[in-house]
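Next, two complexes with subunit A in common: one pairs it with subunit B, the other with subunit C.
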Partner chain A sequence: MAGLSISSVTKRFGDTEVLKGVTLDVADAEFVSLVGPSGCGKSTLLRIIAGLEDPTSGDIAIDGKGVTGMRAADRNLSMVFQSYALYPHLTVAENIAVPLRMRSLTTTQRLPLIGPFLPGAKDQRAEIATAVQKAAEMLEIGPLLDRKPGQLSGGQRQRVALGRALVRDPAAFLLDEPLSNLDAKLRVQTRAEIAQLHRRLNATFIYVTHDQVEAMTMSDRIAVMMGGEILQCDAPSVIYEDPSDIRVAEFIGSPKINILPIELSNAELTLFGQVLGRITEAAQAGIYQLGLRPEALKLTQTEPVMTGTVAHMENLGSEVYAQIALADQTSRVTLRAAPAERHKLQLGAEVGLGLDLQDGLIFDAVGKRQRRIEVAVTHVREVA
Partner chain B sequence: MAAIDAPAAARAPREVNRQARTAWCLASPALALMFLILLVPVVVAGVLSFTNYSLGNSGFDWVGFENYDRLFSRSTYEKMFVATFTYVAVVVPISVALGLGAALLVNSLGRIGDVYKTIYFLPVMATLLAMAIVWEFMLHPTIGVINQTLELSCGTFLEVVPFLANGCADGFPLWLGDRDYAIWVLCFIGIWQGFGFNMVLYLAGLTAVHRELYHAAEVDGAKSAWERFRLVTWPALGPTTVFVVTISCIRAFQVFDTVEAFWPQGGGPNKSTYVMMFAIFEKGVQQNLIGIGSAITMLFLVFVMFLTLIQRWLVERKVHY
Partner chain C sequence: MTRDIWKHLILVIGAIIVLAPFYMMLSYSFKSPGEIDRGVGGFFGAQEMMVDPRCVKLRDPNRDEIAAAAPQYPGKSDSEIRAVIMAQAEIDCSMRPVVFNYSKAFIEAPLLRYLLNGVIVTVSIFFVQVLVALPAAYALAKLKFWGREAVFGLVLFCLLIPVHAIALPLYIMLAKVGLTNTYAALVVPWTISVFGIFLMRQFFMTVPDDLIDAARMDGMTEFAIVWRVMLPTAIPALLAFAIFSIVAHWNDYFWPRIVVTGSRELFTPPLGLREFKGDADGSFFGPMMATATIIVTPLIVAFLVAQRRFIEGITLSGMK
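Entry: the complex of A and B
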């Protein structure tokens, strides 16, 4: 097991720049997710780490040793592919054994008829069989060892692909959207299993996904990628609560964060013409953007900051999400409410919304987080 | 249908009958044609193979297995089998291997690959009979371009090659007129003409190989091209290979145009290229010995049927995963 470091990696395909200088350090035994919308370059980055693609510039190091330019077969990394990429003509046991056969047997020892009788081959083959058996037991696929991939379900194939990755002792595991071909229920189950596997193996994992839930639930750190850059790489709670870019705030969190325009002048923050509060330190006056998670908005009757009508409601049982069309505005905001408040959220009902400015995230006009703008506590509005 | 549709279950028997009748009506033209133009001729040939019928004769005698007996006892037919099986045994493996090799090479190229594809496919598109005539000119012992080219080597250092030295001393081979060379020349032209077709079939097969499997093989430690071929390409091409081998075998058994163009008077020097199709043509058409011609035809059909059965068995057992 080893740490990994990626420094200023760029990649261009012709005229399109897919990666624009990505730098990321992954510690030994860390689980890092690369998450972002499709086309953000996360899979390309993973393939560059694996050695399946060469970076245009920049360096990759595994355990402190530079591997840029080294071919994938020599990097001692394991990879699980989105399509699982199992060899269809080999049984499950043979599939899992492939990485070991390729590394511990010589070309002649691998020959189909005479190979098993060559000196040393027997011991090697016995060792491989033991390792395969161990991997199969860990993933509970022992009974499937004699089947062909074509006879397996999606979830079983996924386990075989995992087995093939963990049968040897690689420097790191690279997983490329391994859950995207599974149905929703299996995905939740496998998610937990992969997280457990990570704890048990205590290995370095780099996990590519477009699903923020997977990233949030499994990772030690999440690297949010967009447009070929890592916008922020932090622990899941930091990514959610303290995003440093409006795109991170918008990508992570479901339903999406509400973004409202606010204005700062004379140390006062104004939203739709109402003064929300004062700031403690001087900051440049101008237009800013206020990000409010659905749970930061509250239903209120007394002195609401905003009013609107319920345009859509989603009842998830344990909580209720409502989209409120703001009065005199074209935009809608999403609100999270407790089930007890459901009766107030009938379609078309008029509601008042209050907010606590301290729960808000302030971004500048281009979307950079403005952490220096702090709201004075005394000026927080009273909410019911 | 009825099983899915609950209300239809009540009137199921009548419905099923009606559907079956319609199905037979719709299939009957094709069935009739297949029967008339495929099965009847085979049966007729089978019956005629037990007679001494000649076209124009008012009647014929039943001769039992005499025609078949001749096939397996006379030296002419022994030569026929030797020529046919030599041709099949040489042309099939080489044209399949070359087809696969060319497909892999063409597949690894970008746009230039299309140019090669066209070049290799040209002999397939050409009329074999016309091409045979061109080959005949090229292979002419004295004025042919091949022997003239070989003669250029006389008096140079190339004479260290025994074949060229002998040629310069005693004259170069007669090719089509030499019983030691004729069958190999025939094989060469068969391969030249056929491998482009196999290449196209393999190219189609290669498009179905999952790209991610190559990446998986690379990560798993398959370093050489040969290992990747063994692990990914060759297994994926299994169904294609079975099909290509079967098609090549049948085409090799059917070789006729070149033999007829080169040696219209009967199967090459010392009958060394007296292949089955030519024997059928010579006996059944030229010499009007319908009985023996039919017997060879039946044997030919048995071989082809045998190959087809092997293919079906292989396809079902081995190559589909």
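Entry: the complex of A and C
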């Protein structure tokens, strides 16, 4: 087990710059997710860490030792692929044994027919068999060891792929969207199992996904990637509650965060012509963007900040999401409400919305978080 | 309904056209020379006892043999003794046409030797072709290197070169090196099969990159990937190639005829057919067709055995 450090890695494919200088340090035994929309470069970054792709510039170090330019086989990393990539002609047991056979047996010992009779081969083979058995038991695939991958279901194949990764003791595990080929129910189950596996093995995991729920639920830290850069790398709660970029705020969180234009002038924040509050420190006047999570909006009848009509409602049982078409604007906001308030959210109903500016996230015009803008007085309502 | 009938009719005619030569070959290999000449006897011929004139001729006794046999036949003249011996010979040399044809094929020509040569040559050719084509196809399909497209272009270009066009230069080269009349002459010119490289490359293009990356992560070298991952997944394609390669070289008459000029020891099965190409005394169609039957049988059997595996194949179903 070992930590990993990536320093200013760039990657170009022809004229396209896929990675624009990525720097990331992963501590020993840490679970880091690389999350972002497709095409953001997260898989390329993983492949560069694995050694399957060479960076255009920048360095990778595993456990403090530089590995840039080293073959994938020599980096002592395990990888689980999205398509599982099991060897179709080998049984489950043979699939899991491959990484051990390639590493602990010599070329001659691997030969068919005569290999098993060479000195030392027998002990090695017995050791491999034990290791395979252990991995199979950990993943509960013992009864499947004699089957071929073609005879397995998606979930079983996924376990075999995990088995092949953890049968040896690698410096780190790299997982490339390992759950995306599973159905929704199995995905939830396997998510928990991978998180447990991480705790049990106490190993370094780097997990690539486009699914924010996977990233949020499993990781110690999430690195949100977009356009070939890491926008922010923090613990899941920080990423959600305190994003430093509007793109992070928009990507993480479902339903998506509401973004409303807000104006700052004379130390007053104005939304749709209503003053919401004053700020403590001087900041440049101008147009800012206010991010409001669906749970930051409340239904209210007294002095609503915004009014609108219910355009769409989703009832999930434990909570209700409603899309409100704002009265004076063409934009919509999403609101999370308790089931008790469902009756107020009939389609087409007029509703008033209130908010607490402390829950809002303020970004500048280009989307950078403005943490300096702190609101001193809230609930100051003047009709402008 | 009527469309189905037409479809079947066309297919039946096609099948007849393809099968007719085999029917003739098999039928002739059963019949006596007389039946073949007259075109009678149906498929099997009447299988009446016939006398092998050549066998009888060989047993025609000379003066010394008649003298040696004289004590057994007291009081008979030399011509009478000869008549008795000849009558015995005719009995000994009479046999069923089918026995005559097939025994001729094996006795007159050292057919087993030719079959062995055929096996040695086709198997060595195929083995070396695979040895060359698989790594080449892997590199062309899955490795990125400068000039890959140009190399693949050359492969495609080589597909267009007819064998016969380069036969003479090839022969001259082999002759200068002193390799004519050796197994090497039969094998070496065919060891690099651009068709094989092309076919395997096309197949390897369909193998997911993830599988190769997984093998690299598991610690395999590129050569290990070729033999341990690509080869087993490519079995169906390899069988298709094997059929092309083995059929082509087993049946090849042209090239062995050019480079094997002297010793019959190196004859391949098709060259064996020449043994029965009668010159002055007419052709021996019966034994010739028997030889032809023996030559094609291994191929047909091999195909039937491989067929199931060919169709089943190892699919890449484990991948998705």
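By our rule, the second predicted complex is superposed on the first by the 376 of 384 C-alpha atoms of A that agree within 3 Å, B and C clash if a C-alpha of one lies under 4 Å from a C-alpha of the other, contacts with A are read in each partner's own complex, and residues count from 1 in each chain.
Following the convention adopted for this analysis, contacts are C-beta pairs under 8 Å (C-beta built on N, C-alpha and C of every residue); 3 or more make two chains touch, one makes a residue touch a chain.
What you see is a predicted model; the values in this text were computed from it and never measured.
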Subunit A as common anchor, with subunit B and subunit C clashing or fitting: clash
First (subunit B), second (subunit C), both or neither touched by A:125: neither
First, second, both or neither for A:85, with subunit B first and subunit C second: both
Which of subunit B and subunit C A:157 touches, first, second, both or neither: second
Which of subunit B and subunit C A:221 touches, first, second, both or neither: neither
Which of subunit B and subunit C A:42 touches, first, second, both or neither: neither
Subunit B versus subunit C as contact partner of A:191, first or second or both or neither: neither
Selected from 8-16, 152-160 or 242-250: the stretch of subunit B that, after superposition, runs into subunit C: 242-250
Common interface positions of subunit A, toward subunit B and toward subunit C: 47, 50-52, 71-73, 77-79, 81-83, 85-90, 98-99, 102-103, 148-150, 164
For the subunit B and subunit A complex, residues of the former touching the latter: 210, 212-213, 215-224, 227, 231-232, 235-236, 238, 321
Of all residues in subunit C, those that touch subunit A in their complex: 208, 210-211, 213-221, 224, 229, 232-233, 235, 314-320
Interfacial residue positions of subunit A with respect to subunit B in the complex: 47, 50-52, 71-74, 77-79, 81-83, 85-90, 98-99, 102-103, 107, 148-150, 164
Touch list for subunit A against partner subunit C, complex: 47, 50-52, 71-73, 77-79, 81-90, 98-99, 102-103, 148-150, 152, 157, 164
